[in-house]
Amino acid sequence: MDLGPYTSFIATSYLAAALVVVLLIAWIAIDYRTQKARLRALEESGIVRRSGRAATDIQ
Amino acid sequence: MTALAALIRRDIRIALRIGGGALIGVLFFLTVVVLMPFAVGPDLALLTRLGPAILWLGALLASLLTLDRLFTADHEDGSLDLIVMSRTPLELACAAKALAHWLAAGLPLVIATPVLGLLLNLDATATGAVALTLLAGTPALTFIGMIGAALAVTMSRGGLLLAVLVLPLSIPVLIFGVAASQAAIVGPLPFGAPFSILCALSLVSFVIGPFAAATSLRNGLD
Amino acid sequence: MQLAPRLFGHDVRCVRGGREVFAGLAFEAVAGEALAVTGHNGAGKTSLLRLIAGLLLPAGGTIAIEGSEAELTVPEQAHYLGHRDALKPALSVRENLAFWADFLGGGTTRPIPDCLAAVGIAHAIDLPAGYLSAGQRRRLSLARLLAVPRLLWLLDEPTAALDVAGQAMFAGLMREHLAGGGLIVAATHGPLGIDTRELRIGA
Amino acid sequence: MSLIDLANPTRFLALTARLLPWLALVTVVLLAAGLYLSALAPDDYQQGATVKIMFIHVPNAWLSMFVWGVMSLASLGTLVWRHPLADVAAKAAAPIGASFTFLALLTGSLWGRPMWGTYWEWDARLTSVLILFLMYLGLMALWRAVEDPTRAARAAAVLTLVGAINLPIIKFSVDWWNTLHQPASVMRMGGPALDKSFLIPLLVMAIGFSFLFVTLHVAAMRNEILRRRVRSLQMMQARAYTGSAPASGATGPIVGAA
Amino acid sequence: MQLAPRLFGHDVRCVRGGREVFAGLAFEAVAGEALAVTGHNGAGKTSLLRLIAGLLLPAGGTIAIEGSEAELTVPEQAHYLGHRDALKPALSVRENLAFWADFLGGGTTRPIPDCLAAVGIAHAIDLPAGYLSAGQRRRLSLARLLAVPRLLWLLDEPTAALDVAGQAMFAGLMREHLAGGGLIVAATHGPLGIDTRELRIGA
Amino acid sequence: MTALAALIRRDIRIALRIGGGALIGVLFFLTVVVLMPFAVGPDLALLTRLGPAILWLGALLASLLTLDRLFTADHEDGSLDLIVMSRTPLELACAAKALAHWLAAGLPLVIATPVLGLLLNLDATATGAVALTLLAGTPALTFIGMIGAALAVTMSRGGLLLAVLVLPLSIPVLIFGVAASQAAIVGPLPFGAPFSILCALSLVSFVIGPFAAATSLRNGLD
């Protein structure tokens, strides 16, 4: 595929978009793990939710 | 009515007695104007052309300087609690406070304009046009800024964040303020069109400002 | 014949900063009665007063006054006297009180010098409020309750900073208010000097 | 399951746990198809291959505005119904919207360089996107500045709604401003109707990005709900440890607002 | 052998806002003793404490400590606990106390959690100080006195906002401080719960 | 040393927490820069010429917006009493507070300058020159402003006139800062001359600022 004289601009656009999306996904995934780990730690320390269910119970 | 008049009177009295606000605002305004010749060099024509822009920028930034304590001061000493509880609708009380603030801090800027116009080599028409647009536009700045000032109660301090929140919202006022002044000075567009939009913006802000501020105050207390 | 006004709360729940302070609280007071809210530090006395004053939103339950002017909300019929005294140091004692009288009262007010005399700071009438001692500031705040008549007084540790004579004076003022058919809800750690019904929060 | 049930955070977590993989799948398929189609798209007779930037640029530009709309709806939910899920939706959308706005700006400037010879021009449309970006950042700063999430949500809701009223005004005035100073701008955006060969890849990409937004938004909302749960449990914990205190902290049932 | 430290004031005169508050005041307290300053509202109790703390300049007379580290001024050997509690709402309880310990103490401090436990707010250690109730704030201020050892404690209505248990806890802390050779000057309207020598200002 | 370090750490922490994060300073300058084209028009050449002045104004505004609470906040909550009583000399404590303020509000601008330079179309040399002058000059703004902040504590008792004198004092700093940047960008004057005056102003303010502030604080308490 020949993209002409501006290949680098086009590539940068696509790569930047990919990078930003990957960063967003990574942030969300890491955040999810962090919160889960905290909930687990809290649960181990014996804290119970008002509904009486386990902290990590998200179903 | 007594209630609102009392509020306006109190706020103006405090502003004048403590001083800070109005004077610092005017001084900052002056600083901006004095600085410009050094920035653009000794080119009088250019300076004149930039005159309205400089004055408007100065006014916008000066109003930010004084706004951030509008509600936080009352919040910290407990007055805000009583104002929220009173039989006066909070929206009206907010509008009264903004009006008092404009009288104490915005009006001095309008009054100072003719003096500063001299420094910028503006002629009488131009000065008059700028002063008129400032008179019509600075209330809008105050009423928009009031929203940020009310948010500052929840945030527990204003400062730079308040400026960041408020400045983008006041861009339209700046645009039409400068445009109307330019139109009066160099043409070719008529002064009326941008000026009436400026007035319309002010009117819109008179409605939105108090409502938004009252909402965020009601929710911001604790 | 109209019933005497009655303040009541029902199943009130309070959450602050994501934390439950109390729940299932019920209380009531009829005209002429004072309710003393007690409890350890952090139990939620101030929070309850602020809920009644409409300055906090209840997470559940209702608070209302029945038998009084129907079109007014509870906060609009109440005076709130908190830890912070709503005084501007730059204004004089007279200006401070006159402002609140005008702002809250809208006409139906008692003359300023009278109110100041009743709380014992008439001599300081033209002093800036910033010059007052802690007890004098508190007295000035109390004067607000006299300047504008309101059915319900919400008082948060009102006797703090008052000297012995001041506490007696204040007990007298409260007695008068109750005798006139008023209602008082006061958070306190010590005796108020009047007959009260007690509401204890937190174990 | 009625809408009310959905609006319960616990139900929301349960439902989205099942929904999320499917959303992700649809997103991946759509974006892959979009990329494939855009690779096949012919060069523009004027813009050459750089027209390929459009397939990224335009969806992001659309979404940057759309997300503010989503936040505004959520803000109404916060202020009118005081619903916690609305708070969560508004908060989770802000960083995603800011990212899309950033991408629109970035790809726009990268397109601008070959087209008009400069990365940045104080053009009306570009400038209003920049202002939108600033407003996103300000909003995120506001979220961070308030510790208590419910209070932060209400403050942010006011700002979001005021922003929503102001954005059209800003857009309009910026247009006016620019035409005043710079009539006959160099660029022609939204020119004549696009040819089918561009339109189809663009639409597929746009729908793909929209699904990307929905997927990310739902996932971020789940995180936010969990974060709140952590916070309120921590509060309970703080209250539970009375320590050697002679009479402070709580007695009585230890419950949180979770 | 060194003498026990002794705080004394001699012919002290105080003028505030151009008005004389008191004059010719004399007082003294030796190590292990507490001085309770009493008087009606506006008598000048707070003013006296602030004079001793060096926050007001006396219009006449001298205030000094003899028998202690000579190179330090009176304020440098004192803790001042006023109506305002020197807390930053945005910082956590731990951060607030740690700051004052570092700033005032420079190393010679007691561990933060210990101090907080002693005043009964250990459970709130990571909460922002803005979340504390009035009594909890007061307790946090008291923790400062424990974190950094100082000879002289200047206390302005220290029991205000404390609940009954809190007052007892605080009396215990004062007793410990006195037993360790400390000095206390406290302005108060009520009983402090410890043996004091009284200094009455104003009629 | 522990004492001063603790003070600096606390003040920075409060600034960051209340301001809403470390990036808020950068965001503020970005907003101020974005505002400029709306006033003076989207003329890149003109914007470039005004660039240094705009950045310097942003710096002045940032320090003014946050400085006025530098001591009053501590005064109102009683912290100032304890700071005055402590074994740390008040002059040093004032200097530490000013330093913390500069780190939180002044330094972000210096760091953000290169980014903003792009928007204003400044080339590398110009950006470097502006950043350098800001690095040398913004501390002076903070240390001079500190005097005003200290006077604000006394303000309610008639210190207004003095406070009014402080803002004009910072005008020379602004003028030499802008002049040095302009010299580096367009010539013909050498960069060195105004820059060394700027540095001299900073040095003077480092000495005078803390002493003046400490003196007025000691007299301002009551």
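Going in written order, the chains are labelled A, B, C, D, E and F, and every chain counts its residues from 1.
The rule we apply is simple: a contact is a pair of C-beta atoms (placed from the backbone, for glycine too) under 8 Å apart; a residue touches a chain by one contact, two chains touch by 3 or more.
Here the structure is a predicted model, which means the values were calculated and not measured.
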{"item": "Touching both subunit A and subunit B (chains)", "value": "D"}
{"item": "Contact distance in steps, from subunit A to subunit C", "value": "2"}
{"item": "Comparison of A-D and B-E (more C-beta pairs in contact)", "value": "A-D"}
{"item": "Angle (degrees, nearest 5) of the CA superposition of subunit C onto subunit E", "value": "180"}
{"item": "Inter-centroid spacing, subunit F versus subunit D (mean Cα positions, whole Å)", "value": "35"}
{"item": "Centroid distance [mean C-alpha coordinates] between subunit D and subunit B, Å", "value": "31"}
{"item": "Subunit A-subunit F separation of Cα centroids, rounded to whole Å", "value": "39"}
{"item": "Touching two or more other chains - residue numbers and ranges from subunit F", "value": "18-20, 24, 27, 31, 34, 38, 41, 76, 156"}
{"item": "Of all residues in subunit E, the ones touching two or more other chains", "value": "16, 83, 90, 135-136, 139, 163-166"}
{"item": "Of all residues in subunit C, those that touch subunit E in their complex", "value": "16-17, 39-46, 83, 120, 127, 131-136, 138-139, 156-157, 160-166, 189-190"}
{"item": "Footprint of subunit D on subunit A - complex, ascending", "value": "1-7, 9-10, 12-14, 16-17, 20-21, 23-25, 27-28, 31-32, 35-36, 38-39, 42, 45, 47, 49-51, 55, 58-59"}
{"item": "Footprint of subunit A on subunit D - complex, ascending", "value": "10, 13-14, 17, 39, 43, 48-50, 52-53, 56-57, 60, 95-96, 99, 102-103, 106-107, 110-111, 113-114, 212, 216, 219-220, 222-223, 226-227, 229-230, 233-234, 236-237, 240, 255-258"}
{"item": "Contact footprint of subunit B on subunit D as seen in their complex", "value": "79, 131, 134-135, 137-138, 141-142, 145-146, 148, 151-152, 154-155, 158-159, 161-163, 165-166, 169-170, 172-174, 176-177, 180"}
{"item": "Of all residues in subunit D, those that touch subunit F in their complex", "value": "119-123, 127, 130-131, 134, 137-138, 141-142, 144-145, 177-178, 181-182"}
